[in-house]
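Labels for the chains are A, B and C, by order of writing; each one numbers its residues from 1.
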Amino acid sequence: MEEKQVLVRIEDLCKYFRLSSKEELKAVDHVSFDIFRNETVGIVGESGCGKTTLGRTVLGLYPATSGRVLFDGMDVHSAGKREMREFKKRAQIMLQDPYASLNPRMTVRDIIAEGLETRGNFSKAEKDERVCELLSLVGLRPEYRSRYPHEFSGGQRQRIGIARTLAVEPEFIVCDEPISALDVSIQAQIVNLFGELKEKLGLTYLFIAHDLSMVRHISDRVGVMYLGMMAEMADSRELYENPRHPYTKALLSAIPSTDPDQPMSGRRIRMEGEVGSPVNPPAGCRFASRCPWATDRCRKEMPLLRQVAPGHFCACHLEERQGT
Amino acid sequence: MEIKTIEELACIPVENDDFAAASDQDEGDVILRPSLNYWQDAWRRLRKNPVAILAIVMLAALAVMCVVGPGMTGYDYDAVSLSEKNALPSSDHWFGTDKMGRDLFTRVWIGGRISMILGIAGAAIDMLIGVVYGGVAAYFGGKTDAIMMRIVEILASIPYLLLVVLVSLIVGKGVGSLLIAMCLTGWCHMARLVRGQVLQLKDQEYLLAAKALGTPWYKVIFRHLIPNTLGVVIVAVTFDVPSFIFGEAFLSYIGLGVQAPMTSWGSLASNAQQTMAFYPYQLFFPAFFIALTMLSFQLLGDGLRDALDPKLRQ
Amino acid sequence: MNEQKTNFDTETSRDDSDVILDVRNLDVYLNTYSGRIHAVRDVSFTLKKGETLVVVGESGCGKSMTARAIMQLLPEKISEVGERSQILFNGTDILKMPEKKKETELRGKYISMIFQDPTTFLNPTMTVGEQIAESLLLHSKMKKKEAMEQALSLLKMVKITNPEKRIRQYPHELSGGMRQRVMIAMALACEPKILIADEPTTALDVTTQADIMELIRELQEKMGTSVILVTHDLGIAAEVGDRIQVMYAGEIIETGTKSEIFKKAVHPYTWALMKSVPSAQSQTEEKLYSLKGTPPDLIAPPKACAFAPRCEYCMGICRRLHPVMAAESESHSAGCWLMHPDAPKPEQLGKGGTI
């Protein structure tokens, strides 16, 4: 890649949900990273790790508790109404569930036109023409534009969702598990479509998923989240080949192998104990309760995300000691 | 399914170009199922429900009779004939006459007009107010929702009879005051229902998508929320109509409703009740039509609920 | 196990072959509002004692319906099983069993099932212990107290942490992985002969998924249960399966041992499935292999090869005739015209090169 230009800067972002006067769910806790233009950053983690909340807070769909999100220099969370409208044209979201994310009472044409309307006023014929263009761009037959979402399969619906998002002509798209509800062969179709569109339209993605292998394929850089914290972040190749954080190692070791001669049981790193809760989390490292290598220091002191190799960040006390 | 050997496979007769690569046929992604929108789909399901269809037919017949019935006999509904007091049903007076000699057949259908119009108008007003109120409360949520729902609770806790008496004191007795009194609190349950529905829909991802697209709030309400609550609302309205008809009958029965010589099914029944021991047919006809209408609406409501419930979609 | 002599047990002693389940010509139809869907089309297979059969396929390929048919848990009213279909459990056709007998003797006792989403199958108003005990009481003459003790040892068996506490908890107090463990404990309560697992780990995180798969495999070895595992994940199939059966559009298109399927597959759909899964180990920078199109709608099942429209090795015959299942080896067979001796090599046909 030539000159790297920061498109989205996330600075010390926190999003807490207040459950009661005493309990606070720290869904996203002091997360910072940059997303460069025309780059795909993947975020992986188990359910409940705050990755979805992160995506939505970055887009300003949830107000942030503290920290900033700078989109092309503009602070998303303190933007005025007009700035926000402008921002919504440039940053969009793709949702996970192809069944719930399309209004069942609207035709495909109307669904996609909803995205178009944000770009200004179009005549009916213009709208129709643009809808057809978008449908063929995502690989669907334009003839089906007057049908209803329930008549399409999961993969086709996800394509309709992509067309709606693209109608806005955004620069930045947060993809919130867009493939996890789809079949394997369809997942590959959609991932390839994302790749093609990125090339063709110069898009930037924040790609959230729990499927580690798909994320590796699509992302330039990958971040691993654990209970609201960023545990590790690196170039995807580096992360998968040279994971530093014990959690990343455990995650990678649990992926079932498609090679029957190399079963995962041999290389598996087993995690002990129970998953902690993001509600009033412990003071030390959040992974300490499950980490096979946890020390007293891990239980007391929160490790900070620091650079362990060029472009490779890891939040682990053990790593620090190995480094010195 | 049987498994053959490769040798057996070779014995299957083949044609010339069987083993040539097939030309590309762009036949993928063809949708075979017919395109049906929500309402067409619901209608298809309703059509398969004989009970609901019977209810529709009965309601249609009742509606037609309310329109043409009064003109069929040639008697005016308020024409008093002292010579024919309390006549039994006969070829002259199909349903007999009342104690003032008025033709009951005509009066039943005139009364039916009032009952039906009141029922439908009342339900429609309930729906309009309820949908807007409930929708707005749920959409904005938070304090707006809390305040709006408290108002609903206060309104719903006022005794209904008290309201009717008050309204009839101010506006005067009659159909209009009856309608006002009943609607004053009637929309509350509809507002609650719509609010519940909208709250459920608010979690749907397509609303989040609309929000992310920057769709303005009024479009969100009219394009996403209302169409998706309509099914439930229609079912509720169908059940609402008979409760209005019955409410009218009850109020007319205790003398607060329609005033003579105008009549309704309720006041017909009320009048007949005094002489029930001697002339039971005078009570039978209005009571029968009240029951039939209510039953039909209930059955239709059940059928509609089955047809419109998206959870039952296959 | 309590020893109540049923015809299943007698059949076993007479018939000493090690086939425990024999499904023959299974057809399942679903009568939906949109029309009649032929969800499972002429499926035949056998399950041996103590083996793990993995059924792989995409959603709508009929894999779950096949599992439900064996369990006799097809959706009521709308489903219909073909007339010629037979499901022989130890030689007895369970399709012809009276409903009451299915209830008391088949389900839970001889064949058990675990589902994708344990939440919907656990009663939220009963504690975990009570629910396990209930399934024990249903099938044996245990006393309540004994059943609770047994429930505790079952929870220990499925390796739930702190079982003495968990036994008194309600399902919502448990995590997804723990709920799945409870389901497994319930399913194994009566030591069934066959365990059917319908996508047991799809809703779980990778690490939990690995734990659950390990648990199933371990328990199977200990108890000698036969397992039918339904999944869409080839990785899982490779990890736990002895034999693998690939389904597409309601039919079995290829079946074989694990190594035969992963190393010597002959059906292009099986190749495609394997290619479209990116591996976390190997580095691939280029585009993912992806199949074009979508599976056919079984409201009008294709007459010829169901996969032909999406197949890059499609030949004339594929559009004309339905493929015939043919044996590559004793355990390996597939339904594809490429196996015909006169057919060209796939390399000559394919546009995308070899496997």
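Keep this in mind: contacts are C-beta pairs under 8 Å (C-beta built on N, C-alpha and C of every residue); 3 or more make two chains touch, one makes a residue touch a chain.
In this text, all values refer to a predicted model and were calculated from it rather than measured experimentally.
Q: Looking at C-alpha means, what's the farthest chain from chain C?
A: For chain C, the chain whose C-alpha mean is farthest off is B.
Q: Comparing A-B against A-C, which pair counts more contacting C-beta pairs?
A: It is A-C, judged by the count of C-beta pairs in contact.
Q: For chain A versus chain B, what separation do you get between their C-alpha means, in angstrom?
A: The answer is 46 Å.
Q: Averaged over CA atoms, how far is the centre of chain A from the centre of chain C? Could you give it in whole Å?
A: 32
Q: When you check chain B against every other chain, which residues touch at least two of them?
A: Residues 29, 31, 33, 313 of chain B touch two or more partner chains.
Q: Which residues belonging to chain C are in contact with no fewer than two other chains?
A: Within chain C, residues 292, 294 contact more than one other chain.
Q: Where in chain A do residues touch two or more of the other chains?
A: Each of 156 in chain A touches at least two other chains.
Q: Spell out the residues on chain A that touch chain B in their complex, using ranges where they run on.
A: 59, 61, 84-85, 88-89, 92-93, 95-97, 100-107, 110, 114-115, 117-118, 140-141, 144, 146-148, 150-152, 156, 161, 164, 168
Q: Can you name the residues of chain B that touch chain C in the complex?
A: 1-6, 8-10, 12, 14-15, 17-22, 25, 27-29, 31-34, 41, 44-45, 313-314
Q: Show me the residue ranges of chain A that touch chain C in the complex, using the header's touch definition.
A: My answer: residues 46-47, 153-156, 183-189, 191-192, 195, 210, 212-214, 216-217, 237, 240-241, 250-252, 254-260, 262-265, 268, 270-271, 273-275.
Q: Quick one: which bits of chain B touch chain A in the complex? Just the residue numbers, please.
A: Those residues of chain B that touch chain A are 29, 31, 33, 35-38, 204-206, 208-215, 223-224, 227-228, 310, 313.
Q: For chain C, which residues are in contact with chain A within the complex?
A: Residues 58-59, 161, 175-176, 205-211, 213-214, 232-236, 238-239, 258-259, 262-263, 272-274, 276-281, 283-284, 287-292, 294-295.
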